[in-house]
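Two complexes are shown next, each including chain A; its partner changes from chain B in the first to chain C in the second.
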Partner chain A sequence: MSLLSIEHLTIRTGAQPLVSDLSLTIAPGQRLGLIGESGSGKSLTALAAIGLLPPGLSAGGSVQLAGHEVVGTRDANLTRLRGAVAATVFQEPLTALDPLMRVRSQIAEPLRRRARRDGRRIDVEREVVDLLGLVAIAEPERVARSYPHEISGGQRQRVAIAMALACRPQLLIADEPTTALDVTTQASILELLDRLVRERNMALLFISHDLPIVSGIVDDVIVLRRGEAVERGAVARVLTRPEHGYTQALVAAAHRFDAGLERAP
Partner chain B sequence: MTALAETAVAPARRGSWTLWAGIVLVGIHVLVALLTLVWTPYDPTALVGHRLEGPSLLHWAGTDRLGRDFFTAIMIGSRIALIVGIGAVAIGAAIGVTLGVLAAFATRLLDDALAAAFDILIAFPTLLIAMLVVAATEASLGSSILALGIALSAVIARLTRIVAKRVLTLDFITAARTAGASWPSIVIEHILPNIWPTLAVNFALQFGIAVIAEASLSYLGLGAPPPNSSWGYLLQAAQGTVYTAPIAAFAPGIALVSLVIGVNLLADGLRDIADPTRRGVV
Partner chain C sequence: MSLLEVEHVGFGYSRDRRTLDDVSLALERGSALGIVGESGSGKTTLLRLLLGLNRPSTGSIRFDGDRLDAGNAAFMRIYRRKVQAVFQDPYSSLDPRQTIGRIVSEPLRALRIEGDHRGIVAEALTSVGLERGIVERYPHQFSGGQRQRIAIARAIVARPQLLLADEAVSALDLSTRVRIVELFQRLATQMTLVFVSHDLGVVAALCDRLVILQQGRVVEAGGTREILSRPAHPYTISLLNSVPRMPA
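After this line comes the complex of A and B, so read on.
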């Protein structure tokens, strides 16, 4: 059974379609990339997958999360699935963390929720520090006591990843997780995600506008343009032999960018 | 030299300066109010001097037109004002925050209906609503507090709705929801702490408004009867003798203003503490 199965998903605001007739499936352990420019509907697809479309947008078609239909389901019934099946890491870690809450409390929240659900008792303090260690934060005790504005952007994104891991999801949705970071931090966050997904045997839905970044971390990609999937396939094939004109342009642009970097003094 | 050095560092600690000034002003009123529970200079109802005496060592603020000690009445006024302010804000906050958060979460239709109801209630002057409620019951301290609490709740509800709606659109709410947080836990863990700094300052404003409104009610003869009489009642009593005993008109006013300013300074200081991102910032 697939973890996430989207069939003929259409997202519209009023009569205007933002995503049309998109289908995709993610099996346990599978890594899928969703590529497209701003406004191509990739982030909306991620939100629709967990039933969190902003007010005013409506979804049609079918989204199944671990076998449970999401489209048209009451919110209270989805709360159990969120986190447990899929957890999300967002683009901007500063706004994705509550500014008035210490890092420890933000990570403790999903930990406690999971413990309640499973009926276990846990040592919250220790598990928070363990999780911070897992996402390769030096001085986990100090960071746990800090507020989000007191730590660096890279550390914040690691904290956001730790929050997602605290849910122990089967599927990790990463929505442009490196876009707000500088280049060296980007590389280390990508490495971290790659390692965690492998170690914890999670599935990954990786969303980005950046073809080279996606290619390093996923097996298959879907290229979105104006809400429609224009190309899909194994990442190596799409990169070397793109079929659709839009994908060819994307790949050519990435090549030109690389060539430009090499020519630079 | 010491004074100079302290002046020099003062600008860097402006936040704590307002907090301390607020603590001192409110603290005086709180201490006086507590003191009146066990001791007052004179029995507030006893005729202890001549009529309309001026200030003296025996009667610090003179006596009223019946010969009762005026300073004793001012001290008891502190207690009444604190009870009115705290009680009215507590009732207003309980109703207002609940309705405001409810409206922020409600469907479009319910939200619009609640917002319209708040606006209509706010359109009525606080004092008018309070007078209606008092007229419907009887003039007592309890009915004044209830009346003012109801009158304040609309303002608090509208503010709560607006700030809660703004917080609801922020990314960390979505992030918490994607992690499986339920709406009640989001309200308690994220919404209330994030709207609290704004609300706390507003509660202080409302406290001041409640104290002043209660004084107005008493001035109009709709407040609690003696010996629970407030500064407003004293002002009304002093009206006829303002030329012969001016201190009776000034003293309750000074007491009222010092309490309202003190509470506002205190709220400013508390907001800076409630918001860690402002801590240590000038």
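After this line comes the complex of A and C, so read on.
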């Protein structure tokens, strides 16, 4: 069974379609990338996947998380699926974290929820520190005691990843997880995501506007333009032999900025 | 004589922290200089000093041999005519209540430049690839890429010698970014350009000279080609290795 199965998804604001007739599936362990520019509907698709579309937007079609329908389901019934099946990491870790809560308490919340779900007792303090170690935070005890504003942007994104992992999801949805980060920090966060997804055998839905980043982390890719899938296939094929005119233009543009760096070692 | 000479410049917003520390660089007429650094490197602060928005606490900045004197109103009026800037966010840098014509002609009025403003504005709009007929319209009627073209038209309308750009393509989509970089490439043949960015790929496509800033210090400076093919400083090397590449 697919972890995520989207069929004929349409997202509208009023009569205006923002995503049109989008279908995709993600099997356990599969890594899928959604490539698109602003307004392509890639982030809305991620939100629709976990039933978190903002008010004013309506979804049609079907979204199933591990066989459970998301479209039209009450929020209370979705909280069980969120975390257990899919967890999300967003672009801006500063807004994803509660500024008034210490890192420890933020990670403890999903840990406790999982413990209740599994009906077992856990040593929350230890698991928080273990998780911070897992996301390669150098001083886990200190960071656990910190508020979000007291740690760096890269560390904040690591904390957000730790929160997502605390639920032991089968599918990790990452929406532009490195876009707000410096390039050297970005490289280490991508490495971390790649390793964690592999080690924990998670599936990955990776959303980005950045072609080279997507090429390094997913197997398959869908190119979105104004809410419509214009091309899909193995990422190596799509980015080396694009068929749709729009993908061809994107790939050519990305090569323009790559070309200047070709002389680099 | 270099068009711009930055000599041993230091600056701090607060007394206990130096944002820029002993920064020196020289910019020849007609060249395009990329200033590359990550957040906190001081690249935007350096640009603010070059614009005269802040004054260096140590060292000096010279333009065409004259010392930049942010407190001297007469000097700054002439300086602004010669040096203009384009910023990152095309949504916040254009006044939403002004027509495009008013926005683009603003430097002409502020600098009290005589002449046929309509004609000068039309020429600036054409040279950034926009229709001259858009002068009656408002910023909200344009996309991000078009707004950045409008901001560039405003920057070049008074025919500056030096154009300063701060992350001027970072907020744009990839396909738009390519076209705006092409526009900067064309402008760089007509004026001297300082292009501040975190994006090495964009800078490599646009600039012949490169300065790498890390925590307020210049760690490497020279020709773009030379630095990219033989980076000497460990930070430059890690920066280069961090840039994700397209599959071959």
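Keep this in mind: the second predicted complex is superposed on the first by the 260 of 265 C-alpha atoms of A that agree within 3 Å, B and C clash if a C-alpha of one lies under 4 Å from a C-alpha of the other, contacts with A are read in each partner's own complex, and residues count from 1 in each chain.
As a working rule, a residue touches a chain if its C-beta (ideal position, glycine included) is under 8 Å from a C-beta of that chain, and two chains touch if they have at least 3 such contacts.
Predicted, not measured: the structure shown is a model, and the values here were computed from it.
Student: Overlay done on chain A, so just call it for chain B and chain C: clash or fit.
Tutor: Aligned on chain A, chain C fits beside chain B.
Student: Answer with first, second, both or neither: which of chain B and chain C does A:Pro140 touch in the superposed model?
Tutor: So A:Pro140 meets neither chain B nor chain C here.
Student: So, does A:Pro99 touch the first partner chain B, the second partner chain C, both, or neither?
Tutor: Touch partner of A:Pro99: chain B, not chain C.
Student: Look at A:Gly154 in the shared chain and tell me whether it touches chain B only, chain C only, both, or neither; answer first, second, both or neither.
Tutor: Once the two structures are laid over each other on A, A:Gly154 reaches no partner at all.
Student: Contact-wise, after the overlay, does A:Pro242 reach chain B, chain C, both or neither (first, second, both, neither)?
Tutor: It touches nothing on chain B or chain C.
Student: Roughly what angle, nearest 10 degrees, sits at the C-alpha centre of chain A between those of chain B and chain C?
Tutor: Rounded to the nearest ten degrees, it is 80.
Student: If we overlay the two complexes on their shared chain A, which of chain B and chain C does A:Leu211 touch? Say first, second, both or neither.
Tutor: In the superposition, A:Leu211 contacts chain C only.
Student: Quick one: classify A:Phe90 as touching chain B (first), chain C (second), both or neither.
Tutor: In the superposition, A:Phe90 contacts chain B only.
Student: After lining up the shared chain so the two structures overlap, which partner does A:Pro177 touch, if you call chain B first and chain C second: first, second, both or neither?
Tutor: The answer is neither, since A:Pro177 touches no partner chain.
Student: So if I take every C-alpha atom in chain B and every one in chain C after superposing, what is the smallest distance between them in Å?
Tutor: 14
Student: Considering the complex alone, what residue numbers of chain A touch chain C?
Tutor: 37-38, 153, 182-187, 190, 209-213, 215-216, 235-236, 239-240, 249-251, 253-261, 263-265
Student: Applying the document's contact rule, which stretches of chain B touch chain A when the two form their complex?
Tutor: Residue positions touching the partner: 170-172, 174-183, 185, 189-190, 193-194, 274-277.
Student: How about chain A: which of its residues touch chain B in the complex?
Tutor: For chain A paired with chain B, touching residues are 47, 50, 52, 75-76, 79-84, 86-88, 90, 92, 95-101, 109-110, 113, 147, 149, 160, 163-164, 166-167, 173.
Student: Please output the residues of chain C touching chain A within their complex, sorted ascending.
Tutor: Within the complex, chain C touches chain A at residues 38-39, 144, 173-175, 177-178, 181, 198-205, 224-225, 228-229, 231, 237-248.
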